[in-house]
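Just so it is clear, A, B, C, D, E and F label the chains in written order, and each chain counts residues from 1 on its own.
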């Protein structure tokens, strides 16, 4: 019986001490906001396209930060984006979610001005205010501000918006990966 | 004899210079057409000042500099402009760039030339003159020379006559034959730079050039220094190190350390431009390799390269041609391009001189590349990171200190084209940086849009509230006694005025308040845009505050009017207005918070189609629908995939 | 059209480099074969065949081109170095197993040439000495009386022709004998070294082999295929431990000369610590890497359980190479500060 | 709250394969590597761990509402530690021989990361029955890896399987031991620590191969690509 | 000195005693994280070794050995959580790098195993401290070297089935093989 | 700060409550098992000792029959300051002893042994308790690895305690003689000691 008593005494004392320290420290050293979301958001391409299943990049960043979402869901970010996220979060790189949307070449939207009826629906859809125009007037897209999210395509009642792939010129021309063709041996 | 310093690494590739140094500089007839690209230097392309069909004389300005970092372009001969538009360019991409096409009339008729009295002219005038004369660096980088002469009071001017690349001999021949003009150029540059000392570095495999330069420098304080032959001693930083011992770090300009480096060709061009008023119309080009008449030719800028090679007797027109040296030159994708100012050498490849590079093998980390690297990098690490796309790490290991000299590629026993990987990595990093910048701008626009939508919404809410209040006030007035009604009406009028004042104040306050916020969001935007957004946001905030104030005023009307009026008499207007404004602000804040809350509760409702709406408060319907559709699409796809997976799972 | 930025290249290839390494091994192999008999050559052959076979098999599984990888000869270098570290009269399955581990586990799982963090040959050796210490400790007797046919028969079938004596082929390595002798107490190092097994300079027959390795190493250095830093630092490391110990208690510790001429020290200095792939690449890193290999080697030899300590010393330091490399990056041109004239 | 059977299946699939502690999450490695040089020890420790994981998950789940966030960790670990000590004492009393073999690794179940990880990640958010099931499945998944690794190492290292089964099953167990190689066969590497790492690496690689095959098959099933048909399976 | 060499190298916690493997595998993807984790573990482990010695004396005196595991782990949990809160407050960067692994120090076998071994081997207070510190040093050393190695391996052309954890374990296998060389170093 | 204090109190109390319940659970389990555990531990120890002496050659509880050896002898036999001799009795008569012995000169360091010697000086059993010989080479001395140690059972005191290679009677594994030598020498020391101390040991005095 004394053993039991001693045991209780020791453990309860330990626990009390510990609990007190922790409780105190938890208030004393309280920290706020998670800087991780910002860092993740920084990596995301800000296309705001929703292909990740979230209404914009920041919500996706929040989902990643809270551990609810995988890092391989953002097609506009491409593999490089996944790689950067993996690096930031200290997890292994993983390829695109096979079932989800896949990355495609960058493009800008172009309004066929002859067909446009000036309904302003696309203006309301564009998450980055890249479309100019007012009611009943033909609209245009500021190419340099268009992120290519394609959100303006579905609302257009006359389907006058097309996506034009980015062309290359001297300002965005890139040196390619120096490939050595690997010939697979026949099995 | 001054002391020479050594730099780390370096290589000794076979020289192959003799083929072209056997004969003096050759003149050439004019080609049938000249293709003069507008972008002839680092920086902005020049702006054309001529029209298609216009006749121009030799030396006439065809395009003028666009900004500081840009140089003019001139007609190398007299003739007619036949086209302005995209044309193949001497660039590894093969992409066409805007080019002037000039059809010579064969008269070679000069326009009047205007030399500059350089000893009298001040620095600014000299630099203006050089920019107008289109003088750019001829050592390879094509940096506008007028900017390089902008430094004042320089300790040392280093003249680059090293010409360290194999095959190239244009500077050698220039020094042999036109040393006096070069020295004239040195005189002008040294004057402009107020250089204390002039060191002319020439590799010791060019004894004739050294002798010629020494002869030309006789009687001056300029020192011709024979330096050991070792590639890349002609790199500006390496040459500066050899001659002065100073190491110019990456990202620093030599001028900051009191040194400037100019190529001998550039100095010759300076001399022609200043003493004779001749713009940079032609240059010496080494044409060698698989050609029958390998030599140095004096060639008009814009001469089609295919034509030039024909003149030199190229044996196989289909062969690859390098512009520049074999270490740093580029393989030309299209020989229709005209000769650029930076084109110092053309080498027609032959299998004997350029055996195909054996297949790349794995890097065995032998370290030969590190021993050869003049930038003292660890090229195998840069390669390892570039190959596996770990660009951040490559940058940490100073990828951008690499001068792409190719010494590492040359020595690598695994035959890895290392520089290709570095260029790839640098390209990717630049692209990523550009994307990042664009993303930041996109985010700012997106955030502003969120803000705008939010604002519109609360404005609408305020309008509705105001209408309701008005209604209530009307009811109250109707119920009151006529006397009360009259006072109320009076005080109501009073109130209207008060509200206006309050609104004005609130606008000012809101502007003040809005500023930090907008600043936060727009740090990366260009100024005009930023200002516009800021203004818009401030305006919106003010409008909102005003509306709120009006509403608050209205709502407070019925009961407050009576109590407040008597006390008001002593209060001066400004103070009253301030109080009102503060109250209005508070009300506005509350209203905003409430509306946000309302949205949240709505979103929390499990039935509202997607859980994702939680943070959508500001997104209007169309967008939401689109997103929802996208999400539904994604969900459907996912479901399908899951289904498939389940099926396939054993 | 050639897409490369640099249009000319030095006429060297990895195969040439490896071929020269193999050539540099030849003098040592010759002396070895003379000392320990033709068994050495059979081991080399077995190792080479296994290495090439294993490499080809893995590449085939990965659907990668086989011939270029085999032609770079790096697998042969690994095989030879491994074969030369193993007992000359070990059974055939030992060298085969060792080579399999070296090539598959040491090299190919990491992606083949250039990607392996550990020295493959040493991986093979360490696996064997840990798994089969008894068989690995039985080194061949130098200048054995056993004739060639008997040696080969022993390696292949592990039987001896009638009339041959097992003791003629099996004897512990000098390092082992010395360690055992000292452990048993009673005799000083000096006395022990009087035994015929130790010859003149501490390793009967073996010292000539060691010198032949040194010769090969020097030639490699002269050919600029190996840097001077690593081997020299390693030898310095060996001296740094063995010399003070020997000066302090000559009765208990063998002389530095003994350490230099025994247990593959010079083979390691010339060919093993210089393995470019698994070694350090920075100038300072090479010094640290080599020095610590030398130190660890003697420490493990003298105080540890594995007298043939080269493999462990090398593997332990291989482990540290990425860290060493990262922390000893040379300063880049222009970023040194203070080097201005 | 009631759950459809698929939820249970899902938890089981995650615990046993998809999120397997030893192969995927790489948690609970120490016992896996240290006690896997033969099947019997591995099995025993695996079962002990499973017991603790299931019990502790259930307990954690049932008290989860009363524990303030700040002392979540200490409380959970206390629960685990006391359960472990109970198992430890019980084994000491009734499976003494095995107890001697497993040694310090029984108290160390306390810090077996998988136990704590499940308590944190699953049990502290889920109802009791789900939590217990999850704990059991995670534990069984780990046991599976332990046994597989034990078998691999025992087989390659000593050429036997189930040596020492008598410790777990009493004398009858002796008959179970399989000798699959000559009596003097021994490959020490597999029995020593390096062999443990190596064996686990091989198991993970094996799982990767299986998963890749499954993925390939799934892909082929959804998009029956013509070239996939045409090229003969390797 | 000898006991330090012995615990750091010869009986290295991770490679020879096989303790603390989860953080060893989990927090070694990046060198920076490895260094942080090493430092945190060193701090916690040394403290745990010391304080658990004191508690053990108490338990022995009261004949309460069955409370050993429980009381040790409570102490450790306390120390860890306290450390966590302090780091969270004082160095958000370190906190972010260590991420979910800080609480996992509690479940680092080594942190409980070393105090238990101390008790089992009846080490004195000083010995306990040195043993704890040495083990932690050994852990950190291996973790850091492994972290640097894994960073390098990120660029290696590893066969698909071995990518990720498999190659890391394989590397650990070879590291452990190398450490066999220290066997018998101190007797 | 008030907040902190309250929080601290709350945490402490919760934790204490859990600690108390955990302790109770543990204590309960301990009470249920501790006798069995103690019995097991005694049995293990006894079983170990019994491996050094044939079953049936004694009827007392060996584990509780330990008598400390004098320091000098402990130093000589076990090469440390303290060691025990266990006295086996049958029908109250000394039937043999089990000595804690050690050899410091194994290949890997200390080898701890139990050496059982019958009343007449015959070595009855040698059991390696712990060793650090090379696995796969020197570890044959361990009964768990090979029956090598059984060869000592029944060897008379007059045996030549040395490996055959050195002219003794002990078998060894070629290539790992050191281990066998070390064990042999330790057994020899025990045998010698028993011879000289037999009379005293019969009295129960070490």
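Keep this in mind: a residue touches a chain if its C-beta (ideal position, glycine included) is under 8 Å from a C-beta of that chain, and two chains touch if they have at least 3 such contacts.
Keep in mind that this is a model prediction, so the values were computed, not measured.
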* Which chains contact both chain B and chain D? -> A, C, E
* Structure fact -> Larger contact count among E-F and B-C belongs to B-C
* Of the chains present, which has its C-alpha mean closest to the combined C-alpha mean? -> E
* Report back the single chain whose CA centre is most distant from the CA centre of chain E. => B
* Asked: Measuring from the mean C-alpha position of chain A to the mean C-alpha position of chain F, what distance in angstrom results?
  -> 65
* How many angstrom lie between the CA centroids of chain B and chain E, rounded to a whole number? -> 50
* Structure fact -> Averaging C-alpha coordinates per chain, one finds the centres of chain D and chain E separated by a number of Å equal to 22
* Structure fact -> The distance between the C-alpha centres of chain C and chain E, rounded to whole Å, is 33
* Hunt down the residues of chain C that sit against at least two other chains at once, touch-wise. => 3-4, 105, 112, 115, 127, 130-132, 305
* Overlap residues in chain B, where contacts from two or more other chains coincide -> 359, 417, 420, 423, 640-641
* Asked: Listing for chain F: what residues touch at least two other chains?
  -> 7, 10-11, 14-15, 18-19, 22-23, 26-27, 29-30, 34, 107-108, 134-136
* Mind pulling up the chain D residues that touch chain E in the complex? -> 24, 26-30, 33-34, 70-71, 73-74, 77-78, 80-82, 84-85, 88-89, 104, 107-108, 110-113, 115-117, 120, 189, 192-198, 200-202, 204-206, 208-209, 212
* What residues on chain D touch chain F, complex-wise? -> 63, 66-68, 70-71, 74-75, 78-79, 81-82, 85-86, 89-90, 92-94, 96, 99-100, 186, 188, 191-192
* Within the complex, which stretch of chain F touches chain E? -> 19, 22-23, 26-27, 29-30, 34, 107-110, 132, 134
* Report the residues of chain C in contact with chain D in the complex, numbered from low to high. => 105, 127, 130-132
* **Residues of chain F touching chain A in the complex** => 3-5, 7-16, 18-20, 22-24, 26-27
